[in-house]
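Both of the next two complexes hold chain A, though its partner changes from chain B to chain C.
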Partner chain A sequence: MQTDKTRYWLLAAPALAVMIVFYIWPLVNIWAISMTEPALGFGNYVKMTESQAVQTSFVITFRVAALTTVICVLLGYICAYSITNVIRSARPLLIAMVLLPFWVSVLIRSFAWIVLLGRSGLVNDAMRDIGLIDAPMRLMHNEFGVVLAMVHVMLPFAVLPMMANMRGIDRAYTEAARGLGASEFTAFRMVYLPQTLPGVASGALLVFVLSLGFYITPALLGGGRVLMVSEYITYQIQEFLNWGLGTAISVALLVATALVLIVAARFVNLRSALLERS
Partner chain B sequence: MSDNFDHEMSVELAEVAAHRYREGRLTRRGLLTAMAALGVLPAVGFGGRANAAASELVIVNWGGKAADIIKEVLGETYKAETGVDVVIDGSGPSAGRIRAMVESGAVVWDVCDSGPGSAIILGEAGMTQPIDYSIVDRAKLMPGTDWEFGCGNYVYSYVLATNPKLLGDAQPQNWADVFNVKDFPGMRTFRKAVRGQLECATMAQGVALEDVYDVLSTEDGIDAAIDQFRKIRDNVIVWGSGSESQNLFLQEEVSMGNIWSTRAHLLKDEMDEGSFAVSFDGGVMSPGTWVVPKDNPAGSEEAMKFIAFAQAPELQAKWFELIGSAPINPAAASLVPESMAKWNPTSPENVATQILYNDEWYAKNQIAAEEKYVNALIN
Partner chain C sequence: MTDAILSIRNALKTYGETNALDHVDLDVAEGEFLTLLGPSGSGKTTLLTAVAGFTQLTAGTVSMRGANITSLPPEKRGFGMVFQGYALFPTMTVGQNVGFPLKVRGVGKAEIRDRVKECLDLVQMAAFADRMPSQLSGGQQQRVALARALSFRPQVLLLDEPLSALDKKLRADLQWELKALHEKLGVTFIYVTHDQEEALSMSDRIVILSGGKIQQAGDPETLYNRPRTGFVANFLGKSNFADAKVLAHLPGAAACDLGGAAVEIDSPAPPPVGTTARVALRPERIVLGAAGGPGVPGRVAQISYLGERAQLIVETDTLGPLLVSRPTWKAGIHPERDLPVTLTWDRDACVFLEEA
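Showing the complex of A and B:
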């Protein structure tokens, strides 16, 4: 028994070592820098809470993440529902289409949005050519463009957990409700929907948490006006070489994300929402 | 083509880093990490060429196309005239690296392409040699760039660039027009950081060129400039790197903005006739600077001779034609081909309407101003 345990630990050791050396240790260093540069103490955190720019950046981040999550859940639910319950014959193809974007890097997808949404991009040019608009619309370099592109990136993270959940639901329940005289909508609302809520929660949580720390898409499509926290950290460190404040903000983001998870844990079974996805 | 100006970004970032390091705001580890992030960390170890023969001169710049151009324009001609080999090291002579090299006692660099801020800091710290103005000719320098421990080598400006085709009837003539969204609609681009930006916002309020930094030296002056950006922020897209500013114009995302003249130099060739113009009215000239590390291997005199050689107007003009780094020698302006003269930041006409970048102001006010600037744009 004892040797078995040792063996398991030995098997896990390389991965664990990599995590500690390349992840945990740098993370500890980040915490350390935030408390030591330029001076020992909580100066950076005081400065951070006093800074209007940082506050605004956090507000923008949570707003964009919340918007992205709501839209992803709505669209994702419809998508997952259709794939599981309606268009059964085409299911493998549809699942492939949900997964396909995963295989293209976020960077390339963001650049693709630039090509589409630009002032002289495909969308604006096409709309102008068919006479729908006179002047180009502002489709990017604002929150609209950022949310649109982020929904595109995050959608699979919403669809997959919900689909997994829906596939485990027996159709017999809904059919029984129908047989007992419920309308189609009532059967969905009273019987089907409640059973899908764990899937919805896990999809929403996944999208929200990932969105909080999102960097590439907002940086490329935000035009500097949709300054999310991760970009602001880059700003501090690369542009102003202000390591102390930059790391303090990153610690704050980490804590904020942890808080979201803790609050969510009161309503959702985190273990099943994030870890078990069958 | 695209890698040749990022070094300017590096120059500036490295300057800031060196500055922080000096002020003790950044630890040595922080500085090295920052340098690594900027891609300017030493590729060669110190001391490799400590015993280089005096027949060789090591010129250090920030790499990219600029390194090739220096090799071609200055290096080969210098060898032809003096027989001294010129080696170009493009690894980036940040103030921190020069300092580390001098302190370690194994100096392998002779002449470095630095900035005025770094030049002053390094000089005060005793890391560099005073420029010998009996060899280097003050008359061949733009006035105000003959510092004790460094002298100007080329100039780039923050300029008002426009796309006349997109703008139609409402062509902005000056910064006041750029900050007037009502009469001059369209998107504008400004730099993500305040360098070269607050100056134009101050001029937009009708402040005369010579008073810009005086006005900016008060809290009210900075706030007023920041306010200008707050008013027009719905029409602003910011650029981080030079290439970003170039793309914004190429893709017609913006119709006007404040960009580097070196980028304008590229854009004038890349964009259609009539869809790109530059005004140097209210521009901010930023000089690059030669510095000579203490105990350089080829000796003080050799380094000074090279700097003096590089002042030759015909070389300076050629340098500008190839890469857009404007001549520091006023006499070079007349040698720039007529068709290119209006793009030259240091032609007499253009110099008259610009101001010189004020490093002291930035050392004192930059950090506070950056915070306000970001806040004005997003909040």
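Showing the complex of A and C:
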């Protein structure tokens, strides 16, 4: 007779099989390629650490991801706060507006930004027509455009965990604080804000980790000038057929992301930050 | 009232069509333990939150020592507050919670430390200063909430059903403690509850609210013994009701026809002769006698044994079913179902009620 445990394993088996065949196995292969192509050993990793371009790419990636995270958390906090606490009646509509971008492909949203930010895009044309500028401003193919578009894509990932957290906070706490002599702002700072930090942490972590490996938006808005790691890997493999170096960098990115999570785990309860989103 | 610390004048609060507070006037004396008592929806919590500053009155004023505070935000009013469900800040320790009102008032660190200790001592929680609120039991959280509300030495403490989440025995213990604390500190307490026992056991004065109006205010004994309306008579304890026809006025009393029997009812100002008035009669004032004696004849219909007391429903021909509460230790007749009995009561047991 089967125990309950084996029956549950059997239920999970199809999904597990797909993961192993199409995800874990290729991943292992990538590790293998990075150690064997073109020659056995750590040659690719040595090359990687010596390459100025790779280092620059990593620095750009972390900088863009950090900037995106900070902006997303700030804007998302205000957004989540308003939806949860201020505008009660319009809440379903506002939540729908936060979720709406999820239903539009990232590719389409990125092209939309190009239409807006290009040399003769809507923004530049409009400002020139009004007479605010003489020559078109450079709004994309730089970090400004990349971060702007990434914030747009990542914002829901910041808003949703923070909103879930804020919904669980009883209004009674801030009322109590005010009843005991705290001004509105002091009550927010000393009583409300500390209770929302777990939500902030999980939102920030989610955005940061997703941003580290982001490809489409930086590739389109960066126009090859803001070379983030995932795009750099694509170049190595597609353009230069340099599988060895490409896979080595991808392993490095994976390790870097894992390190971020390990460091974060010291400060944040990862379990509640990433898994439980009630 | 000259020694009123708080005065509420003509307080009106409307939510759409309903009046949560319907032209309420109330003075709170310095140092008194005042309880706002009423069922849910009576306006007692609205009145407290209006005093605290969380509810903006539609009309009327709240003043403290003569100064109008109606439009002040809660933090400027300087009342201590104990909330239903305590609302201890989950990210702060017990000590930080108690020190919070001092910290936001800019009190120095050393003084905060001393006062926190003093206040926690007051509620016997000094050993728990470094715990988090989530590690405390309900009763302990309640004590901390009390210490927090008192730490900045407010002149008035507002308590919103602070004991309602606790079990019965703990609630009784804390009632004694609250009462003792009130006497020790001399702070004015305004206490909201729907529990009449709580109100009776602690208050100097009870204000009974219903439908946003004050039904009656007075000390517990007066309210219990001389209820003015049927609502008060039935909300504070239980009462039997009957219609009495006033036949003649006597000195300090009235001769009445109560269900066909001629009785005298004590009253300083009885209703006019010839009118019919409603009277209330407390179940514990009714004395059970053997059948055949003088009094109202009846038959025991139901018995409910409550330990120290037994409650009976006695079916009478003239006054309908009457609730009787009788000490179980009392000798004499042993009531059982269908036993014929005679009911009597003292002439001061019945109370004339106003039309509600």
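To be clear about the criterion, the second predicted complex is superposed on the first by the 276 of 278 C-alpha atoms of A that agree within 3 Å, B and C clash if a C-alpha of one lies under 4 Å from a C-alpha of the other, contacts with A are read in each partner's own complex, and residues count from 1 in each chain.
Rule of thumb we're sticking to: a residue touches a chain if its C-beta (ideal position, glycine included) is under 8 Å from a C-beta of that chain, and two chains touch if they have at least 3 such contacts.
Since the structure is predicted, the reported quantities are computational estimates derived from the model, not experimental observations.
In the superposition on chain A, contact is made by A:Ile237 with chain B only, not with chain C.
When the two complexes are overlaid on their common chain A, residue A:Gly168 makes contact with neither chain B nor chain C.
Looking at the shared chain after the overlay, A:Pro26 reaches neither chain B nor chain C.
Shared-chain residue A:Gln195: touches chain C; no touch with chain B.
Shared-chain residue A:Leu227: touches chain B; no touch with chain C.
In the superposed three-chain model, the partner touching more residues of chain A is B, compared with the other of chain B and chain C. Within the superposed three-chain model, A:Thr186 lies in touch with chain C and out of touch with chain B [touch as defined at top]. Of all residues in chain A, only 170, 172-173, 175-184, 186-187, 190-191, 194-195 touch chain C in the complex they form. On chain B, the positions that touch chain A within their shared complex are 13, 16-17, 20, 24-27, 30, 33-34, 37-38, 187, 192-193, 233, 236-238, 240, 251-253, 367, 370-371, 374-375, 377-379.
On the chain C side of its complex with chain A, the touching residues are 52-54, 73-75, 78-81, 83, 85, 87, 89-92, 100-101, 103-105, 148-149, 152, 158.
The touching residues of chain A, counted against chain B in their complex, run 33, 37-38, 51-53, 56-57, 60, 114, 118-120, 141, 223-227, 232, 235, 237-244.
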